[in-house]
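What follows is a group of structures, each given as structure tokens.
After this come two complexes, each holding chain A, first together with chain B and then together with chain C.
Here is the complex of A and B:
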């Protein structure tokens, strides 16, 4: 199959291979060449072997062929009239890199916007983030024009929209006792709660609470439905005021139904807890955390309906609520640490939005948005009930437990409630002085394609209205949610907004759809075989992934070229990119 | 013996739908498969009786599998 001049131009640095039998004396044109996009398939099937001295499409166009060659023959210097100088030998690209080192290193925006008004051009207004001029790879579109120096305004003060004070109280020991209390680092949970908490939902039939200490991880656990921080509002609503949070102890919710079936059948992670949890991931317990295990048995057969898992979460929340009541009363003087989170409008910096695609197919593929208490259940709205349409939260609302995850399948790639509580990408982008994070959009992933495109189009309209200069789209898990993930990126990309995609794909979850806007992608895989490893939190977004994603977005906003990824998953690309951002 | 276990389209029918998964029976009583909803690509809400198609190959027992 021959190619068009546009394709030839796009692939001018790719190997030149003739598509059909080509006779001696032919002046090579795009019509004589094969599309480089299909080379990997041809190579896999043994139809094509590209030698090292192959010429590129740019080098052979317009040259005269001096011998007749068969279809699918790579063109080498000996076939071309006059050959080619050694100096013109094409550079062999050893490895595809998604982030170029040059681009990543030069991203040091001065924090200004340069506005240029060109009189002669009939009132063309260019608004270029300062980040563009800082990056050496950008087009020199911004030639100083008369009056341009006046346009470079002094840096404007950042505007703090809201402040959240988080007081951390350290838990040194957890016990079961007669009354719920929290004194001198010892948390006591009332034994009778196991019966009282079941009143939260009649589908929750039985509850057991036990304590797993960090030195005793060799215990069996049923599937871990969620990992939940214990936090409560003391002043203000979610995202502002004061929140108290316990450190050193975390709740893990596990569940089966009355017939013994794991609530998270398809993606359950029952087993020895020390082997089934990737400790230290944002959504998991840390290595030295005390785990308060709340095990709920729900009505037989309800694990496959929405009401079943939801009942387990509600009953678990009732236990946490009693702990929250004692945590609320702790005096500030007893706090081990205080952290201040600010929602800052960074005036003059490129506006950036984070889009987080969350599950929305029903059953446990649901998330409670903006509960009354941090990481709680009551008062929040499930995104399935909201029709999965995009909902905007501020970074502080996310960090204050604005999302309670009912996530189910794919333990390695699911984002638990604790993940959102300490989301590395939200934290990184919110604190980065070179960009202005305007908000975090949560969009659900419905089952049916038509519904997926409905929500995706609304996302596109929302992002357009936000007037952003860049966007990062993430999704948890894999499967048909990659259809909406790709669509979200397309909706944003086709509006001319630089966009970066972040997901686990690797071997098992490889993308099933794609479009031309998906040229900047960040892989979350950590498993050596690229599989859903059945270890909780294993392939979720970490700080390192967040750093790569933000560096890639900055490079893309600066106009840097992003090299295409290899056709198949290759972990070395990720490792290489990681080294590049660390160096930068 | 050299065999060619290429994936071929296989058809079947949905025989059970829950909010979590669907159960598929292959035509010719050639077995059943349960998959989570996220592995099902659909333009309409899946119902019992709907026809499905997937690429499948023969299953090979791995001699070094344990």
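Here is the complex of A and C:
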């Protein structure tokens, strides 16, 4: 498509292909050449076959063409005045091969910070190898300097901004009965609650509650609209104080409308529940969880409207609220476990922000931000009503159920309420002592392009004001939201802030947009064929993905160059990166 | 005469003129009827008659049955530039920029280029004029050189128009002036393309030819300059090519000196009348013309009137490729809609840049390669392409799209097909 001298320089060892009809006598300049970045696409579409004797961009620039050649013709020695100095050839081939085999790796530089601490000294001579800048050569660069990262601990004290105590109460059995209670691990849910909960919203017409035990997953399920942990505030507001949470049981919200159409019909995941859920993923029930299934029937025809799914969530929340009331009263002594989460300001460490792009188009493409109760609905603001503008939460607020997701279409790569409740990336970065997580920014993905860029520019301004040294941007789902995703990364990247992107793309969700700041990407795909499935939580962010993302960000902040991934989706890139990270 | 003239108050870039006559008044052919308050050019009655209406948009004149041969001459002036201003001359190649403003420069020995490229297919009144009356164009060029203090003059003509080249060459008697033959591709007549080809300098999209110490003027504009200077004649008429689905055949008909304000319906009638159902009436050339209604009238910038065949029907999803010199997005969408195709996606040629509210090409007619854009459109779900690209870019499109099994329409197809003109497709190597 005609490239700039800068691009030509970057790709001087890549094949030279003319982008359009080029006449005999032309002195070849970058403007005559096609961008090597799109070669794989061109080759896939059968538009381009690169012969073995093709010349590289470096070899042809400034040379004179002796034939008129058509668009997308690779330049071979017979087309160039004076042929070519064959001597250069072998070397170039070798280099090209090396780049190829290395392309699958992402240079990670976890721990490649060299800290030098000198108490007192005279005439000290330091010679530090420029390891970091070596990245991008064939040598898997930026190997951590053995022991260097442990050399000296930072001396400045961390500042704990707030503490959240989570008490876990184990559920061993769930029953339906006359009264809602929770005694000795037995949770009883009042049958009559079904009628009362419907009062939450007139659009919710019918409700059924049943219990699916871990040994009986062979039951049919309507589409799963959400997975919701049962948790309640005992002290303080979201993000601080004390929260009680049930372990061993989660709520599964499913829904159809009165005419039997699945809510979120498009990409719904109805079927046998044992087959439709990737158990154990952050947003899914775990293998041994008891599933409290709340099935809501909503007014006919409202399944794709904003009010329909929202009514189902509200009715469901009304049920959970009654359970919360009994959970609140549990004495601390009965808790099976206590976990302490801290929002820590790590002074002197690189400031890092996590940006999570969430759906913001209303209906099931929405999220309720900061409800009163953890993972609840009431009191929170739907993202779409906030204009999708970025909203900052602390890590603790996220971990305390600050996001209630109304998301479902394409369940495999969508993040539901439980996902945010135990979001692996937030947990990992918050606990990493080498970085200072300043906050988690939630930004909606509006439907209209113009709004997308408005929102994205606000995000850029916000991130700039936060004064961070690095950012990780994630998005759920794929397609339309990739437009905002790319724009968010651009807004951050162009402010000179190293940024890493995390998304599902793989084969099916290939990015349709891109920009030069999207050079460090983490792929969430887990499917061997790179396909989006209808299995809940199949391709959402996991702990391993989080580890790679953080490692990549550290590498980028340290100045390491990230090698481009091959154009075509290749799962081995993920595996290699994972190994690299584990070794580091 | 059976029809009334409707003379628009805005026939140029700038603000509408202010009428200086009122309804009921008699006007003579050539009489000033509206004058600019801001940037603009004088407007004169193109025929003698009675003013029947004055609105904010036009002055309507009922012409007398008998028309005089002569016209009211423009008033005495002390310079040629002022004569141009009095005569209300604007760029008649279609741009409509007031010529007295454009020529009011000191090129300090620079260049005036007479644009006889007529780069839109089908139009032929410029070429015809050079063939039949080269003198008047040539003298106009010399006056322009004198006004702008230029020391060189070029007449740019497509090499394929041999007769016009010969005719112009035959009248040149000044060694500072020469004919330059241009390749037959679109958009060779674009101002910056001409500067690039003739002076070897590529201007930025926001630069005017004056940045290369040049002024470019369409050949008809130059002939009007000659008329204003020598015959004190105001601009009251326009040369127009009429072509298309007409009873009299599909060959181009050139009408010299059509009175400004003549309804195009009248002109089409004169050219033989419609033949059956037609698709669009395009005012201008196939590339940049607009689809108009029958009640439109001839203005100082009307070059062509083209009656096209009905547009083909297309049910598949179309990807649109926008060009800075050809069809803009709105026109491509219009064509898609008229074909019945829904739009899967829109991409702009890589060389399209936004300049002052419009779009322009960075390097007109010099293809940046379109493979990437086509792949993108395909990814967006396009099953066919509708492109508005220049010849060179269309060449690349044709090198790529068929291999991707994407049929290509050029937005000029239905226009060119009407007259059996070769479609804009692949360039020969």
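Simple rule for what comes next: the second predicted complex is superposed on the first by the 436 of 584 C-alpha atoms of A that agree within 3 Å, B and C clash if a C-alpha of one lies under 4 Å from a C-alpha of the other, contacts with A are read in each partner's own complex, and residues count from 1 in each chain.
Here is the rule we go by: contacts are C-beta pairs under 8 Å (C-beta built on N, C-alpha and C of every residue); 3 or more make two chains touch, one makes a residue touch a chain.
What you see is a predicted model; the values in this text were computed from it and never measured.
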Of the two partner chains, chain B (first) and chain C (second), which one does A:46 touch, if any: first, second, both, or neither?
-> second
Have a look at where A:38 lands relative to chain B and chain C in the superposition and call it first, second, both or neither.
-> second
First (chain B), second (chain C), both or neither touched by A:533 | neither
Just chain B (first), just chain C (second), both, or neither: which does A:243 touch?
-> neither
May I ask you to decide whether A:306 touches chain B, chain C, both, or neither, giving the answer as first, second, both or neither?
-> first
A:475 contacts which: chain B (first), chain C (second), both, neither?
-> neither
Determine where on chain A the residues touched by chain B overlap those touched by chain C, and list them.
-> 512
Where on chain A is chain C touching in the complex?
-> 1-2, 18-21, 31, 34-35, 38, 41-42, 45-47, 68, 70-72, 510, 512
Can you list the chain C residues touching chain A in their complex?
-> 350, 367-373, 375-376, 378-380, 392-393, 395-396, 399-400, 403-404, 427, 429
Could you please specify the touching residues of chain B with respect to chain A in the complex?
-> 18-21, 36-46
Within their complex, chain A touches chain B through residues 265-267, 303-306, 361-365, 408-409, 447-450, 477-481, 483, 512
